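There are two complexes below, and they share chain A, which is joined by chain B in the first and by chain C in the second.
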Partner chain A sequence: MSRTTGSRRATARRALRGSPWRWVVLAAVGVGALLTAAPFLLLVLNAFKSSSDYSQNGPLAWPTSFSLEAFEGYLARVDFPLALWNSVTISVVVAFLGVTLGLLAAYALGIGRVRGNTAVVAVLLLATMLPHEALIYPLFYGAQALGLLNSVWSVVIVFVVLQGAFATYLLSSVMSTVPRSLLEAAALDGANRRQVLWRVVAPILLPTMSVLVVFFFIWTWNEFYIPLVLLADPASQTVPIALSTLRGQHSIDITVVNAGSLLSLIPTVIFFVLFQRTLSRGVTAGAIK
Partner chain B sequence: MHSPRLLRPRRSRRRTASALTGAIGLTLGLTVALTACGQTGSSAGSGDTLTVLQYENPRSAQGQGWARAVEIFEEEHPGVTVDLQTTSFDAMRQNAKITLSGADVPDVVEFNKGNADGGQLAAQGLLDPLTEQVEQFGWDEKVTGSMASFARYDENGNAGSGEWYGVPNIGEYVMLYYNKEIFRGVGIDELPTSVTELEADMDAILEAGYTPISSSASTSQGFNQMWVWYSLVSAEASRQQIDDFMFLSGDVDFDAEPWRSGTERFQEWIEKGYVGEDLAGLNFEQATVNFLQGDAAMLIWNNGEFDRIANDSGFEWGYFTMPGANLTMGSSGHLWGVPANARNKELAYDWIETTLSPEVQNLIGSKGGLPLAGDTDTIDDPLIRDFTARFDELVAGDEFSFYPDYPVPGFLDFIQENMQAMSNGNQDADGYLTDLQAFYDEGKAFQTGQ
Partner chain C sequence: MTIETTAGSARRSSGQPPDRPPAGRPPRRRADPAKRRGQAGYWWYLAPLGVGFLAVVALPFLMNLYISLTSWRGGIAPVTWVGLDNYARLLADDEFWTSLYNSVYMIVAIVLVPTVLGVLIAAALFDYIGKEFGGRAAAFLRATYYLPQIVPIAVAGFIWAWVLDSRDGVFTLVLQQLGIHDPPDWLGDPAVALYSVMLVLIWLQIGYPVVIFMAALQRVDPELYEAAELDGAGWFRRFRAITIPQIRPEVFVVVLTATVASLKVFAPILILTGGGPEGSTVVPSYYAYRNFFELSRVGYGATIATVMSLVIFLAAMVLLALQRRSDRKENH
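Our next item is the complex of A and B:
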């Protein structure tokens, strides 16, 4: 055991010594990683500067002193806890309801073999590809008719449907790969359609659905245009919209925008870290059968 | 068929499935709980609340003035609360047409001036005409001349004539901020009094190794080059020429003065390096930072960055408008309007009147906000007093040339693309003027319904 590791290490060392290319590759990967992280690092760097420090020394310099001025400015101008609550509510509800809706619809299309299912899936795919600007007038008047303008539920309904359409498309194509023999076996054992869905199909699709939940959370979190129109009242604003109120026409508090962006990023980062394992499991789910 | 056997080996699956059901149940539970506490109800339109929608930074002069206006208004109207809501300039530009058509709209809105924004809202009937109230309250005595030009729109939504739809509180003008230390170091003791003198000064600045004017030409927010160009055109323009261009009232020949000479001079400035290099990717924020870092001797911008430069600069600075110019870039600020669907219109008029009251206007003035109806002598800070006095001078002389992108829809993007191309050397004055003529004429025909 120890010999194998030892010899393997030796081989690795020899390969390292033998090939300077490895160092080149390492350096290239390092530079690539740094470039990918650069925008985020700049955001962090500038969030902790005072405005005059930023103005005099530019965005690339190290802060002369760490200052929380920008964060204070942001929290004074925006009701961040409220915006955060609205965003979390919308994103969580949309993520779970969207996937549930998609699962139910996909079951009919992917397993149930409804007539014209390809056409239905095509229409749903088209719905997800439509630019939101094209939908905005009907959505606005619809929300108004329901009395849901300036209520987070208008946005929840819209995105449950839009994300649900995508989930239907994706899940129904994954469902068509579920072996028919498995479903037939379940039917032979006396499972009805509902039991087949919840006890056979849903567990198989669980990894894919977990990934969809994460995606829908992040996509909905970042949505801007539809919430902007439907949630004009500051009491129902989401985080990206609250952030946009910091931009003037001819002036901008750049350090405050940095601080605000950083605060707004944190929930998505936490969500991603929490679900990162499900995410990688879901991506590789199809690999082992 | 009905065999209970199958359930046994499925335990793990059942657990996952029940976990999922649990998650869904949780979500639904959350949904119900939230619906219950989400019914706070919207208060817009009820008699005891005045809803004001605006997009000024609360720390700006105007923002501070309006915070005071809320206090005054609530004192004068016992039982009425003011709900001062904040949105963004871009949100208002993108959404006003949709949100103002709703049933539940604010009582007063701040809206963007110009044919593409305010003009459209007026022409579509989303805003109420205010001519009657303007006369009743005497707002036309406070908002005069070119400050009133973008408050009035005709039936096609073109500014300059027709009914009043908006009332501005403040004004703005474009100036050259300059670094006194660089000017002294280069040996410039007196400020230039003509464009020719300015050019001689810029030669000296270039020789000393500084960029004369910090500029930008990104198609996203890189407005500085456009302002340099239009300032050079305005410098040689007459009132009539600019009004014809702005208000679509006469034929504009871009091949003649001041357009040709101003644009050629602009190209010369680019070629000589007066405005620096590699501007295509820079925006106005970066141009401001380049000036504040001490790399450039001057910055062209309006009063929007006055406060920041006063607080953040590490050097002595001053400002002057384009020397020897006939007209200077500038205009009124954005406007108060009353949506056609508003429910508390009487309170809305009182609100506008409150923001134009001496107390609010003088507060805005003391913070450097360039009020339209303030008393400049009440300002204590000499820097802000001089800066406001220069504004008053321009108002009195009717010397504003506005901003070049107002007249026709899509103009801003068109001009910005050409500014970027000229700064890169991909477009010259001739090509730009030809394209400009075509774009403007087409836009004008559309706007005037011909």
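Our next item is the complex of A and C:
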């Protein structure tokens, strides 16, 4: 939108002014957005009800009184601070380590152009498409053999590599656009390979890498299948897995699960609001000018 | 699941010449003797990821392949070599074919509907709402559509399982209040459940194309629209003649990543229906999971997972080839 010129805006205004269509379009897009948001609104509405209020008045009624009973119920059953800590540990380590591993590998592929680099990148791309089902059983036994089952580090190792493969794929293609002259100038100044990476290449790629860190954090936070299998013990569970384990127990009040869902939702929403600009920039990152 | 490649499209939407092959490999280069000489040292930079890749992807994948050639109930049970028996059994397994057939519905819900809706919503937000009501309104609406994409699938799945519940689900209650006394059992009726799941998947997915396409539209030169407007082209003609061709690379990225994702759908099925009722919503990934962890038919589960990988690679290759062909056509 930043590129919209003043004159264009003026033309558009002239053409559309007074058109009844503007309200029709706004209404259509607005209703769509409302429907998208509706499940979340329902969640908030019902998380603050007592269970008797819910069973008497149903999910659509306004709460008769503001109640934190459901939250207390959830926190009594799930060690939420521990789950939060596990999730933060896993996501932060994976985001930073994954991007670092990707940067190193991409340096060898995009700048070093080691033999067979095209094939390596193609294999890494395939790896990002691989269904986790085709890895899970050996990973399960591997983690068990190493004593890492029910340890957050098993999930960390798996996702550092999987996200690292994606980072390598993305960063190596961006790196191939770094001007050769820049690297040669650095080499003439006596910079060795490591110095070229950290002082020349890394700063150029910083915007792309920061976008990757944000995405890796969210993707890892939301991961479901591999953590579900590798982290069966409540002490090692992440926020989403703790919620889904609890839901499997039939005797739980719906309001309690509602409150748990809301609690599990809050960290990602905070993160989303903080990094919204990075996320929407993510799509256009990689422009090296 | 599918945001997974939002950043992947990154490079596509930057200021690169449009005729460059997208999303694929970096262009092949001629050997540069001066550079080749000093390459050995670069292998060290590849080593950490390389070792990790062997341990976490390559070795497990090969082991899975081996397991698929055996009969194994898991754990310390004996492992019996059966050759290709599992694959032969799979070809004759109705439940597997149902699961593969259901993947077509997943493609409709994850690729087709969201991509079409996404183009329309993105164009409306960028081209209309953004100009008429301000960029803030457009950004707010975009964020709303994107919200389901950043929510943990466990949370999203729970919310929908509750909304679609047959006894006191919101859908059912609203319909009852409207005077419909016998609303369908959204997740419990074999004739309806698959469509309910599709509805949830569309909701989950829609934000991804909207965000990507809106970013793509910012790249389009406004002068193209101005010229078309001066020539008297209406909104729809501009949409068809300018918007669609200009964002074609992004459309391709969305279609490719979403297709791969739709062939891998797992969590929504596990949480919403568990493959039921009467196996009507089973998908390959869930069928593999069930064989691994519920039926203790590990060899068979590994077979399903291997075939799934092949189907995904094949679909990706077909799409990449199609795209290369249409790129070539455009350049001629």
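The rule is simple: the second predicted complex is superposed on the first by the 249 of 289 C-alpha atoms of A that agree within 3 Å, B and C clash if a C-alpha of one lies under 4 Å from a C-alpha of the other, contacts with A are read in each partner's own complex, and residues count from 1 in each chain.
In the analysis below, contacts are C-beta pairs under 8 Å (C-beta built on N, C-alpha and C of every residue); 3 or more make two chains touch, one makes a residue touch a chain.
No experiment lies behind these values; they were computed from the predicted model shown.
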Clash or fit (per the criteria above) of chain B with chain C on chain A: clash
First, second, both or neither for A:Leu68, with chain B first and chain C second: neither
Partner chain(s) touched by A:Leu41 [first = chain B, second = chain C, both, neither]: neither
Which superposed partner A:Leu182 touches (first chain B, second chain C, both, neither): neither
Which of chain B and chain C A:Ile241 touches, first, second, both or neither: both
Chain B versus chain C as contact partner of A:Ile254, first or second or both or neither: both
Comparison of chain B and chain C by chain A residues contacted: C
Touching partner for A:Val24 - first (chain B), second (chain C), both, neither: neither
Chain B versus chain C as contact partner of A:Ala33, first or second or both or neither: second
First, second, both or neither for A:Tyr137, with chain B first and chain C second: both
Touched partner set for A:Leu146, first chain B, second chain C, both or neither: neither
Superposition clash, chain C versus chain B, among 61-69, 241-249 or 277-285: 277-285
Those residues of chain A which chain B touches in one complex and chain C touches in the other: 58-59, 136-137, 225, 229, 241, 244, 247, 254
Touch list for chain A against partner chain B, complex: 51-52, 54-59, 73, 76-77, 89, 92-93, 96-97, 100, 136-137, 140, 144, 149-153, 156, 186, 188-191, 198-200, 202-203, 206, 209, 225, 228-229, 232-235, 241, 244-254
Chain A-touching residues of chain B, taken from the complex the two chains share: 1-6, 10, 13-14, 16-17, 20-21, 23-24, 26-27, 30-31, 34-35, 38, 40, 42, 44, 53, 55-60, 85-91, 94-95, 98-99, 102-104, 112, 172, 223, 284-285, 288-289, 292-294, 301-302, 304-305, 307-308, 311-314, 334
In the complex with chain A, residue positions of chain C that touch it: 3-11, 13-16, 24-29, 32, 35, 39, 41-46, 48-50, 52-53, 55-57, 59-61, 63-64, 67, 121, 124-126, 128-133, 135, 138-139, 141-148, 150-160, 162-163, 168-170, 173-174, 203, 206-207, 211-212, 214-216, 218-219, 222, 225-226, 229, 260, 263-264, 266-267, 271, 285, 288-289, 292-293, 298, 301-302, 304-306, 308-309, 312-313, 316
Chain C contact footprint on chain A (complex, rising order): 1-5, 7-9, 11-13, 15-16, 22, 25-26, 28-30, 32-33, 36-37, 39-40, 42-43, 58-60, 101-102, 104-105, 107-115, 117-118, 120-122, 124-139, 142, 157-158, 160-162, 164-166, 168-170, 172-174, 176-177, 193, 197, 208, 211-212, 215, 218-219, 221-222, 224-225, 229, 239-241, 243-244, 247, 254, 257-258, 261, 264-265, 268-269, 271-272, 276, 279-280, 282-289
